[in-house]
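There's a structure below that I have some questions on.
Which chain is which? They are A, B, C and D, in the order written, and residues in each are numbered from 1.
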Amino acid sequence: MKLGLDPAVVRRARELAARAAEPVIEMARTHTTVSVERAVLRLAGVTGADADGIPWVNRIVDAVRDQVGLEHGVALPFFASENWRSMKFALPAGTERDLALMRAREAVGAGVARIDRNRADRDRLLARHGDPEKPWIYLIVATGDIHEDIPQAQAAAREGADVIAVIRSTGQSLLDYVPEGATRQGYAGTYATQENFRLMRAALDEVSAELGRYVRLTNYASGLCMPEIAALAGLERLDMMLNDCMYGIIFRDINPRRTFVDQRFSRQIHARAGIVINTGEDNYLTTADAIDAAHTVVASQLLNERFGHEAGLADAQLGLGHAFEINPRIPDSFRLELAHAQLVRELFPAAPLKYMPPTKHMTGNIFAGYLLDAFFNLAGVMTGQSIILIGMMTEGIHTPWLSDRDLALENVRYVRRAAGDLSEDFTPGPFIRERAARVLSETVDLLHRVADDGLLDAIADGVFGVTRRPADGGRGLDGVVEKAAGYVNPATEILEAAP
Amino acid sequence: MKLGLDPAVVRRARELAARAAEPVIEMARTHTTVSVERAVLRLAGVTGADADGIPWVNRIVDAVRDQVGLEHGVALPFFASENWRSMKFALPAGTERDLALMRAREAVGAGVARIDRNRADRDRLLARHGDPEKPWIYLIVATGDIHEDIPQAQAAAREGADVIAVIRSTGQSLLDYVPEGATRQGYAGTYATQENFRLMRAALDEVSAELGRYVRLTNYASGLCMPEIAALAGLERLDMMLNDCMYGIIFRDINPRRTFVDQRFSRQIHARAGIVINTGEDNYLTTADAIDAAHTVVASQLLNERFGHEAGLADAQLGLGHAFEINPRIPDSFRLELAHAQLVRELFPAAPLKYMPPTKHMTGNIFAGYLLDAFFNLAGVMTGQSIILIGMMTEGIHTPWLSDRDLALENVRYVRRAAGDLSEDFTPGPFIRERAARVLSETVDLLHRVADDGLLDAIADGVFGVTRRPADGGRGLDGVVEKAAGYVNPATEILEAAP
Amino acid sequence: MTVETMKQIIRPYGDTTGDAMIQVSFTLPVPHGPRAELAALQLAGKMGLDPASVVHSKAMGPDFTFFIVYGKATHLIDYAGIEAPEGREFELLTPAQVNAAVKAGLGRRLVVVGACIGTDAHTVGIDAILNVKGFAGEKGLEYYREIEVHNLGAQVAVPDLVARAKAVDADAVLVSQVVTQKSAHIHNTKQMAAAFAEEYPTSLTGGLGRPLLIVGGPRFDTVTPSDLGVDRIFGKGTTPGEVASYLVHALVRE
Amino acid sequence: MTVETMKQIIRPYGDTTGDAMIQVSFTLPVPHGPRAELAALQLAGKMGLDPASVVHSKAMGPDFTFFIVYGKATHLIDYAGIEAPEGREFELLTPAQVNAAVKAGLGRRLVVVGACIGTDAHTVGIDAILNVKGFAGEKGLEYYREIEVHNLGAQVAVPDLVARAKAVDADAVLVSQVVTQKSAHIHNTKQMAAAFAEEYPTSLTGGLGRPLLIVGGPRFDTVTPSDLGVDRIFGKGTTPGEVASYLVHALVRE
């Protein structure tokens, strides 16, 4: 604890975050969404798609919604149906209801059991192959073609990556369904599908064994299908997932209510699966200024923490995101970055923080880019970050090439080797300490306002990422349904039961 | 004083250095060399060359040596001669001697007065244009053609260089004469000539006025003509000179006695001219290992300091050299560099230390090179170095291109701007403190041995730069002459008189 | 030195006039080794580097090798033959001048519709042009009293864009494309242009029968407006004032 | 993936097979601006990059501009046609084998003279080959009982080298050249070879009438031994064992 933060101020910040989150949590408890219901079906083992490629889970949920309404959940009508392919559903009652409920619990229980097995498998593989030391090196693969991604991911792992993220195709987050099967046609990323998850996890298991080091796999539980993708991640043993309480609202114009309901359910699954979530505060700094908006990052992290805890995530699963995005032309930019990064480190000592490299101020000058990435790597090791996403010198130009990634890894390897323990010699002076204290106090002020005005209003006001998102705007609101009295969700039942 | 060095050990190191230097100083006092004598003539205003390009000073000294012997100095025979172009010389006696002595003192006095005027001019220009803040950025120009060098030097100054060094043509250090005139035909560097000095200083004066920042000029008072080049530097208002008590011995196989005599005289001139010398310890680490030989650097710095002080140099003129040359594959290499750099900084708090970039471990990988140079720049600012030679990403390939220099300056500018005051947050921990203490104690041990065995024997043993140089080997020994009782050198007289 | 720059024929400059030295890096899909180096030199040779030197090569896994090559370019550049691209084809106006011109010329507000189309969600660029906040110290088009801005935001489908443009009777449609992987920006822009052509079959050109089509983004430097079927491309560093001035030039003064 | 590498025709690889993308940087001696960018693109075009994009350009003073360009190389590399350069033309021997071969084959110690010639003072490379300490874990030639080494050090004039080689009746002369600016290494080596040719006018080749001439240094990759008039070139990373083995191959086994 190098910054000498005032514990009373820190406590106050957490109280305010809890107060701001409370009404939204209440809303999330009392509502469901089409994607939550589809996720329940996926956990219950419903897979595949119709001839047009529309997943059965979508067909079913839409039919239930039309014929029964979703306010009771999809589970009872679905499990009451003798032949769901007929797409005729009704709400069961009496013993029929009891039977359906039993079946539903059994089927979903089997899915959750598979998630539990995956978690145990992960623990076993970690024990066998070894868990890499922190900071973990996190690398992105984004060819759009799962069969090009695989060798690139394996190559990256061999070169030292501890975590592989497969970026999604642009636009997937706005699809209200999860595509099926292995895919080879994404734009600037590869579709997140159950089959792609499976293929990549298998490829990384292979390379983990080869390297004697467990290589983690990450994808995005984000966008309109956040709950379903979380379920698929649990079922296919992904290890981390990008999952934020507000990213979809701000950066994808997804409806706020939809997002808050979806994120709660998805986090309950992540909690059970032992998946580390990665939040998206780094993104704020791509639209807002990294100095002016530093406190919005911290405020959002406290909110993400609160929502995460409420959904059952342990501190060790809270990969809170932040980023090295201060304009490099600003005097003392590096020391300001150290102040921000150290502040986050000290506020969340047990969280596996995810630290993002410069993107906004990366230009076509690849040499300047390589340099800035090196200082990012240095800030990462000096402030003890947990997960370091590796910056690419070509960030301002194109999605990473094979050689960009290789050079980026050489960069981080040098920095870790040469200066890995420099934190031993890092004792923040007054400049850094004062900056950190100031960001913290601005955070408290902001959370105060948010708690008073309500989080939804703050979002509508453009507090986060300088983007205004009214509570009733954006995509997917029509997929939100208030739960009825008899609402049944066997997944939440299991997930909310004492473990 | 962050390392907590033991002052008693530091004192001991200085005592030992003085003891080791003493016999050599005595030798330098009692001997002269052909180049010292030629320097006297240059100070007295003898310029130009014969039809074959042999400088008149060489012709004269050789003739005096043949006809009279050099043990009395060149001044008396020369100023006794009515027409020196006849190249007939004799040792004057009686009133003839008095007359010659008077003329010699007058002529050399005029030369020294010009040096004094230049020093005053420099002070005036520094006051007018402004003296850049430390660390000064030191850049090399090396096209071989003074007329290509000039625009490149001006461009470098405009991009932020505070010091311009014009690298000499390979081989010049072994020439026992200084070429004449403007030259356009060097290999990997441009000849050091009086005219080239003049042209470049004028060009930099021009750009200094344009920039409102005095841009310093550096060259090499090194090699067989060290004293003469020192004189020319004083006469043409160069600001710094590479000048080492042992570099020529180790790296150019110049005879040790010759070097020690020459360096003393050249330093007396530098002292008078207000020129900052730059010593060459960095070079040791190009042949020796930077960790194993760290203490040889410090030992040599203490010797250079002692020799410098004895010759009249103030602390502020002792640009002791050291370098960032630890193998980047070694764990903790950067922290070891910090330990070494901080040690030197604390041992010589008033010296304008010159810190040299990585060269030995620079390869054809220009990205890795750019990265290593950035960490060098960072070590420089973190440990408060005074003069930072800017590393080139293409060090492993070719002499710097225009764009290499430009990119290198962007690199150092970023580091200074982003992390210039990081030393405020740098508090060496046990690892760095222990390493520094260890290097210091090894230095004391080594100086002990050198003081006991004699410096010349230590050099013969390969103590510095792992190169063995016997006291009677190497080039130029035949240019060393023991002074006779009536030896006269009007330059030393003036320079050694109380200022 | 400026005489230098008037020379007809130029070559790259390493550290001496005429040395023609340049740097290249690339990956070849072959295992590291002497044969790979020969392949790299063959490529360098075909690129006209002679002599060329592989200064760095590194295996990236068993099947790829990364190279850094330095060499002398044998090509000459005919600098005299390169015309300075005509600057802007239009005059730069202040916001007041733009407003006055629109008022005088159109007698109503000029209507623009902006969007990131396709799956592109990079709105920072289009927002820089449209939002009041603006870019590089200039206010965006929303700030102009005589311009009516409809900013549809990110990931707008082409049919939605066309419909909206029709609905508000747009004078100009401003589209941003930042993602270029697999030439997404080109495909999306062409698709957009085709949709407008279909929707306004009798139009002559932008402003004559259909809205003016403007596209912008950082990596359109390999194509021309006619390649894409649009009226104008704006690249890196565009400011709102330039766009407003162009709108006046294309829609009002003509 | 290894099927990949057997392909006949290959192209550079950015992030997809066949994308042929490469990176280039260079300086042009022209002022920064749009005209300079066109000149850069002209050069890229002549190098066969199509399309090419200037991703960075920066004024370096009033008369120069630095560029970074990315583009698609239109050239194909005939990888099948590139023969793996024959490895070493000689067998690698251990020091003991070398000693035995010299003893048996010559019946006396093999004499080598080494030097950095011209004004070159970079002795680290030749010392790595000659000094006992050696290089990369291998001992240098001084360590070989049956090799007699005369290391003349730095900045040796060619006439001195020739004289010394004659005086000690050298079997081989080992010369190092590290400075390459203005092709110093090439000039110096040729001059050296010419001097030996003159001194031994009736010699047939290295070992037959004159000492074997060996040159080494990090940047001889653009020339062949016959270009220089020497018998063998050794490049970056050469180890003493390779040189000793070659000496046996060329002087003893033949």
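Everything below uses one rule, namely that a contact is a pair of C-beta atoms (placed from the backbone, for glycine too) under 8 Å apart; a residue touches a chain by one contact, two chains touch by 3 or more.
Fair warning: this is a prediction, and the values are worked out from it, not measured in the lab.
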Statement: Ordered by label, the neighbours common to chain B and chain C are A, D
Statement: Taking each chain's centre as the mean of its CA atoms, the one lying farthest from the centre of chain D is chain A
Message: Quick check: which two chains are joined by the most contacting C-beta pairs?
response: C-D
Message: Averaging over Cα atoms per chain, report the distance between chain A and chain D in Å.
response: 53
Message: Based only on mean CA positions, could you tell me how far chain B sits from chain D in angstrom?
response: 33
Field: Chain centre separation in whole Å, for chain B relative to chain A (CA means)
entry: 59
Statement: chain C and chain D have mean C-alpha positions lying a whole-number Å distance apart equal to 44
Message: Two or more other chains touching the same residue: where does that happen in chain D?
response: 1, 13-14, 17, 21, 23, 25-27, 54, 58, 63-64
Query: Where does chain B touch two or more other chains at once, residue-wise?
result: 151, 365, 398-399, 401-403, 407
Query: What topology does the chain contact graph adopt: line, ring, star, complete, or other?
result: complete
Message: Going by the contact rule set out above, which residues of chain C touch chain D in the complex?
response: 1-2, 4-5, 7, 10, 12-14, 17, 21-31, 33-35, 38-39, 42-43, 46-49, 51-54, 62-64, 73, 75, 77-79, 82-85, 219, 221-222
Task: State the interface residues of chain C toward chain B in the complex, per the touch definition above.
output: 1, 13-17, 21, 23, 54-56, 58, 68, 70
Statement: In their shared complex, chain A is touched by residues of chain B numbered 328-335, 338, 365, 367-368, 370-372, 374-375, 378, 393, 407, 410-411, 414, 417-422, 424-432
Complex contact set, residues of chain B against chain D: 142, 144, 151, 154-155, 158-159, 169-171, 174, 187-188, 251-253, 286-287, 398-399, 401-403, 406-407
- line: chain D partner, complex, touching residues on chain A are 143, 145, 148, 151-152, 363-366, 396-403
